[in-house]
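Inspection log for the structure reproduced underneath, given as structure tokens.
Residue numbering begins at 1 within each chain, and the chains themselves are lettered A, B, C, D and E in the order written.
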Amino acid sequence: MELNPRTSRLKRTPPPGSVPGTFIMPEDALPPKVVVYSYDKNGVIEKNLGGIEELKSHFSEFKHLYHWVSIRGIGDKQFLEGLAEYFSIHRLVLGDIVNVYQRPKLEEHAKHLFIVSRMLYQNSAGEMFNEQVSVFLGENYVISIQERHDEMLNPVKERLIHGKGYIRSSKPDFLAYAIIDAILDLFFPLLEKFGDYLDELEDELLSDIPKRRFMSEIQESKRELIIIRRTIWQERDKITDLLRTNTPLITESTRLFIKDAYDHSIQVMDIVESFREVTSSLMDIYLSSVNNRMNQIMKVLAVISTLFIPLTFIVGIYGMNFQRTNPVTGEAMPLSMPELYSPYGYFSVMVVMALIVCVQLYIFYRKGWLGKT
Amino acid sequence: MELNPRTSRLKRTPPPGSVPGTFIMPEDALPPKVVVYSYDKNGVIEKNLGGIEELKSHFSEFKHLYHWVSIRGIGDKQFLEGLAEYFSIHRLVLGDIVNVYQRPKLEEHAKHLFIVSRMLYQNSAGEMFNEQVSVFLGENYVISIQERHDEMLNPVKERLIHGKGYIRSSKPDFLAYAIIDAILDLFFPLLEKFGDYLDELEDELLSDIPKRRFMSEIQESKRELIIIRRTIWQERDKITDLLRTNTPLITESTRLFIKDAYDHSIQVMDIVESFREVTSSLMDIYLSSVNNRMNQIMKVLAVISTLFIPLTFIVGIYGMNFQRTNPVTGEAMPLSMPELYSPYGYFSVMVVMALIVCVQLYIFYRKGWLGKT
Amino acid sequence: MELNPRTSRLKRTPPPGSVPGTFIMPEDALPPKVVVYSYDKNGVIEKNLGGIEELKSHFSEFKHLYHWVSIRGIGDKQFLEGLAEYFSIHRLVLGDIVNVYQRPKLEEHAKHLFIVSRMLYQNSAGEMFNEQVSVFLGENYVISIQERHDEMLNPVKERLIHGKGYIRSSKPDFLAYAIIDAILDLFFPLLEKFGDYLDELEDELLSDIPKRRFMSEIQESKRELIIIRRTIWQERDKITDLLRTNTPLITESTRLFIKDAYDHSIQVMDIVESFREVTSSLMDIYLSSVNNRMNQIMKVLAVISTLFIPLTFIVGIYGMNFQRTNPVTGEAMPLSMPELYSPYGYFSVMVVMALIVCVQLYIFYRKGWLGKT
Amino acid sequence: MELNPRTSRLKRTPPPGSVPGTFIMPEDALPPKVVVYSYDKNGVIEKNLGGIEELKSHFSEFKHLYHWVSIRGIGDKQFLEGLAEYFSIHRLVLGDIVNVYQRPKLEEHAKHLFIVSRMLYQNSAGEMFNEQVSVFLGENYVISIQERHDEMLNPVKERLIHGKGYIRSSKPDFLAYAIIDAILDLFFPLLEKFGDYLDELEDELLSDIPKRRFMSEIQESKRELIIIRRTIWQERDKITDLLRTNTPLITESTRLFIKDAYDHSIQVMDIVESFREVTSSLMDIYLSSVNNRMNQIMKVLAVISTLFIPLTFIVGIYGMNFQRTNPVTGEAMPLSMPELYSPYGYFSVMVVMALIVCVQLYIFYRKGWLGKT
Amino acid sequence: MELNPRTSRLKRTPPPGSVPGTFIMPEDALPPKVVVYSYDKNGVIEKNLGGIEELKSHFSEFKHLYHWVSIRGIGDKQFLEGLAEYFSIHRLVLGDIVNVYQRPKLEEHAKHLFIVSRMLYQNSAGEMFNEQVSVFLGENYVISIQERHDEMLNPVKERLIHGKGYIRSSKPDFLAYAIIDAILDLFFPLLEKFGDYLDELEDELLSDIPKRRFMSEIQESKRELIIIRRTIWQERDKITDLLRTNTPLITESTRLFIKDAYDHSIQVMDIVESFREVTSSLMDIYLSSVNNRMNQIMKVLAVISTLFIPLTFIVGIYGMNFQRTNPVTGEAMPLSMPELYSPYGYFSVMVVMALIVCVQLYIFYRKGWLGKT
């Protein structure tokens, strides 16, 4: 899994000392695709917008409707500045949209709420993304700004268009909630995949050959969980803020749904915490299986050495050149290794060695050195 | 123990992007068995109910009684929706009943309290369950909704039918308390079993042969304790909420009993915490006994090697082919291994080697290498 | 030390599903010894009471005095129920007295305070106890209920009888404080013993032979400290509650003394925390000395092997059967091991080997392998 | 990296027992360079000041302007005392400026806010500094006092001179904010370098040869992160204090910008926390690769020993001197090592040994001992 | 360092069950040296006092002055009781003075503040002390009671006598502050020494020979840091209490100085925390260098074994007694070790073995086994 390209998270902040609220467009920022959905109980008008002027005229034309302005891509400075001017967005907030490593947070401004969410997901090609979604909730509009062109918010769009649930009969706060909840829901399939990955890793780990790559895979999982964990904690804090704020922009009936989203965030946190326990127990298992392997190697070495070293000593004895007769004086030396000259000497030595081996094997067996353990 | 089927806890949430409050019936949901117990000080009427209509007519017939509607099994969508309509249950709450991995919690609604408990128990066949029990406490009724058909709440039923304790002379809040407390009480036999299991594991661990499966058993115990711990923490939080809420649905006299339930939850937490300590000390014992084993193996290897290597060297010396006389010139070479030609040479060498062995054994004994340690 | 009989703490709770407030008398409960001390500034009347009726008549006879009813042993259900009725003790509280694994706590009731303490001590025979003491503080009485027949509260009795300190000239709240403080004071000799035990363990550990039993002894100390720690934390919380409560039963002057008891509880906590550090450092020392031992064993093995393996190789060379003359052709082979045929060959080889040994020993010495480390 | 010269942080406090507020000029304190920037919407006057008198006359001359007095170097006691007198700076505060190991903090005084920041940066020559910047924010002035002559606050100066952003059109509180934010911004390039360093270290660690210096490098990184972490926590607390204080010196519009600085501090904390995780995982990787290396060494030793020890035993057997005929009696001994006298004996032995090697190699291969692992 | 004589801290509490407020004079308590300094703006009168009567008459004589009664030594029960009576000191407080293991704390009484500080210092002879200093701050007096005769508060005395700083022109609260701050300042030289000690330890640890005593030295440092840490935390809490209390005994101007003392306590805590990190990293370094040493030993063993075991096998082969001719039949056996009979056989074998050694050395070099690591 690759949520955490190594130092990339450090690079996009504007250089130190720049004017606060400066926004330096990331080089790889995509051009915005702007779609507005204007709706009330009775229907939805969907329209692609070409620029800020078109947006303004659309808004003045459909004053009586609620609007969702969906912007995907942040690469058009002029457009964003026009947007900021039209909706009275503070310069610093504009900076937060473009300098895209903001933590999930809620800010109350005079005319709107500014809500930052982080969207962690895997696209159909298997790539991982950690994308920022900024949402503005005003009296009669919701603006969502995504970094990329993906269609992760399509389920919300579908529900809006098909009029499912409360979404079209409620005020825009419900739409904003729906977006936030949809982003939160994306954690579940991600964590499901993560869980499968950890289960696989555990199965491999228990299949007895500790490979070195496990180490770095476990470490990486750990770090990724830390990122997910931090994100979900901040999401939870944001939702708590949403529950506590007493802005008239959020209605009582929507608050109940936000409470539900809060429960979801707690669920995600529970899962993440249990995964952290799993990774730390994987680490323990890995270390213990490395240890075990060492033990096995030592055991083989000990068994072989202990079996053969005494035998080698014995055969060494009978390789000594003590003579029966002094070659010079011819004197007989009957104490010099008489076994060598006995007809059954060789045979007896072989038998003795076989016995030693048997006894040793029996001891090893009793000690459990011959088993697998 | 098997409280924690590996990734299962991730699967039942409705798919991301679905309408909030959607409930997708789990495939293996059981059809509901509905029983109503209508009671006052004087007696109890027990009746099996076939459907929502029967329930309604029963309620309107016995207006002056208190009712406990016990529902076991959540597999009938229509029934649940009828129930929700009759008792003004919010759609999101209905979702919480069916999407059965909710954490224990208390929600106050206009006409009732909604209380979620998790029931951890082992049935008579030894299977482990982590079941959700949802309780609604209204003015004159308690509704309990269980996932499964088990009879874990029977003790409460017995007390109600036999009129033991305050249960029939109090308002329904006491019944709700009795259900919550009965669920909490189920932790005790579970933990007793868990404790026995840990004691056994410890006994095995101390019986000297570290088997590899210990590792994964300890790890699994650890994870299960984490699940139990999280559940009991959340139960405690729920009970604290019950104590703090100022709804008129809970009477002062019942509050005292809830305080007692709070004490029970603290007791469970204490036990769980001490078990966590036990598992972590089991881990230490396991690792240290693996280490110990390594030490023993090394000791045997070292003793054998150290005993025989010098001896093998000595016999090697007397295996060298230095000659007494130069075979070509016939010149005598008296410095070449004179021991070989001494009558007591072989005998002396054997004695010297025996002495070396004795000295080494004495040293090993002093170092404590020959003991068991 | 044995504060923690393994699973016993799980057994005494009444079975799941029983009526709340049920009390199931533990089988080994002792029959109560009841003594009443009725006192005022001028003197003390001590009287053994046979039953609840005698108590009632004593109370009505000496209305103008303060009373301390000391009950040791909880094995008489009838007596306890009579007591509960006479002093308006709630059924749940009665259950707390008999189900004797309650945590230290303070409960305010209409007519009295209910205070649970845990008394950890070692009797003169060296046995460890973890006993529950329940105290009721009323307008003009204190009731103390102990599980066992021990005389650990005798110092308080002595002070009462001999009129030492404020005890007789104050209201019953001071007596209640004196009992609580006496129980708290019992931690000190216990911890002193524990400290001695840990010091001994450390001395043994540093005396160089890591025995396996250390492991389990350290683990057990750890667990016992956890029990003591939990108890003292809960005691402290209880005392804090006593300080904060605004019941008229506790006078301002006694509050000052309770503050002193609070300081004692903090002292105990400090000692317990430092003992926890000691046990964890004992663990470190144990592990490191096991490690060290391994190192020593390896060092001996390495030194012996490294010394002798090259020598064995050398003597092996001279054991090869290369011939000076081809036994078949009789041809001379002057390159075949000429050393064997030199008069000083053997001598030189021995010298060379001695040199090798010396050089190796010097290297080992430089590397510090010959020291003790 | 070298943020943490070992005990230096302990030395500069005035000696114990000195009068509070004493300031002992550090020996290496640099003479102050004083520059005043007096500005309003329309322009900036920049002036080098020679002494306190010049400062006073400048201030009385340009009463209608805002002033930034930038002081770099704290080595002139007389000047500082003059400054303190003119701006009513408390003696203790003066001490805080000179005893330069103050933690970041905010103090509210009658006529000004006193704000301490710590500036962590690397100058162009690669040296690391942990410098204290003290800021006074008054009605119409900001005084910044730096320890060293560096130009790290130049970006703020540039913005002031070129009138970029709100800086010249706002009150001095915005300038103070700009200074604090500029100092906070310096954490980012520092952490970027730190991140690169950790990435390099990880790459090296994974390149298979655990060098010993890694240990101390990781440890040092850990300690440096702790310093950075403590600093940024205290910075955050300071900023929180700035947000909470209700002094009229800070305007509502600036407060919004301070909130942005708060977000930056949170970002820095997130990065630091993730780096701490990285160092602890580096430690794990290091330890595991040391372990691994040990395993590899043992494996080589075991493979070689296990291959050759049996072979050496076999060749030892055929080196025994059992004779075919008794050299004394001439008696034939057909049981004595008949293989030696068979024409294919040697050949067969060699084949047998080759087979043993093959079998062993196969077993090792199956056990995975021949791979890299 | 020796701040922590092993169980001594447990012994001085009065025996369990004694009357609260009992004070049992420690056996080694020193007789008090009492000096009074009576001062106002204009001068100081210093007088040694012989007993309580002299004190009383001195106080009534100089009613218009402020007094500092400095008592060093607590061994005179009568004097202390006289003091308590004259200054209305509560019996429990008197106990706190004599039972000298009180934690730093602040108590407000009717007529004075009672402030306990712990003074950790090393006297000129290098001995460590952990002494209790009790301070009473009244309307016109300060009483300081030290356990020992040391002169650690002399700097305060000097400042008082020479009229430095605010000390003589302020009310007694400033004097009390000065004493508390002087005690706090003593932490700095202590920690400086501790830091030097840790630096030395680290240097030794990195100088490559892990000695066993390091283990216990690190452990001891850890425990001592825990004592220092607890003390400084409690000091900080005490100072916070001083800042928060609204007694008229503390003037607003002194409060500012107490804030400065608070900053000092934070500084000490920062240093202590960083030292804790250092000790834990020392532990890591120690363990890793023990590990490393093991690795080195194994490497030497492996290199030597792996070099010589194959060679020993080869020379073993040529030591086998396969004959060229069957000694009995005289039949030639050309397959039996022909190398032995080739003129260049010996030479070739030597060359082959030299080659094997070279190849092995090259492999070891490539694996980095020959370096130092």
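Note that a residue touches a chain if its C-beta (ideal position, glycine included) is under 8 Å from a C-beta of that chain, and two chains touch if they have at least 3 such contacts.
Computed from a predicted structure; not experimentally measured.
Touch-path distance (fewest steps) from chain C to chain D is 2.
Once the centre of each chain is set as its mean CA position, chain A and chain E turn out to be 41 Å apart. A separation of 26 Å divides the Cα centre of chain D from that of chain E.
In chain E, 291, 294, 298, 301, 305, 309, 312, 316, 319-321, 337 are the positions where the chain touches two or more neighbouring chains simultaneously. One full turn of the ring, starting with chain B and passing chain C second, gives B, C, E, D, A.
Within the complex formed with chain E, the residues of chain C that make contact are 154-156, 158-159, 164-165, 167, 177-178, 181-182, 185-186, 188-189, 191-192, 195-196, 199, 206, 256-257, 259-261, 263-264, 266-267, 270-271, 273-274, 277-278, 281, 284-285, 288-289, 291-292, 294-295, 298-299, 301-302, 305-306, 309-310, 312-313, 316-317, 319-323, 326-328, 331, 333, 335-337, 368-369, 372-373.
Contacts from chain D toward chain E in the complex involve residues 6-7, 9-11, 13, 15-21, 90, 92, 95-96, 101-103, 105, 107, 209-212, 215-216, 219, 222-223, 226-227, 230, 283, 286-287, 290-291, 293-294, 297-298, 300-301, 304-305, 308-309, 311-312, 315-316, 318-321, 324-325, 332, 337, 340-347, 349.
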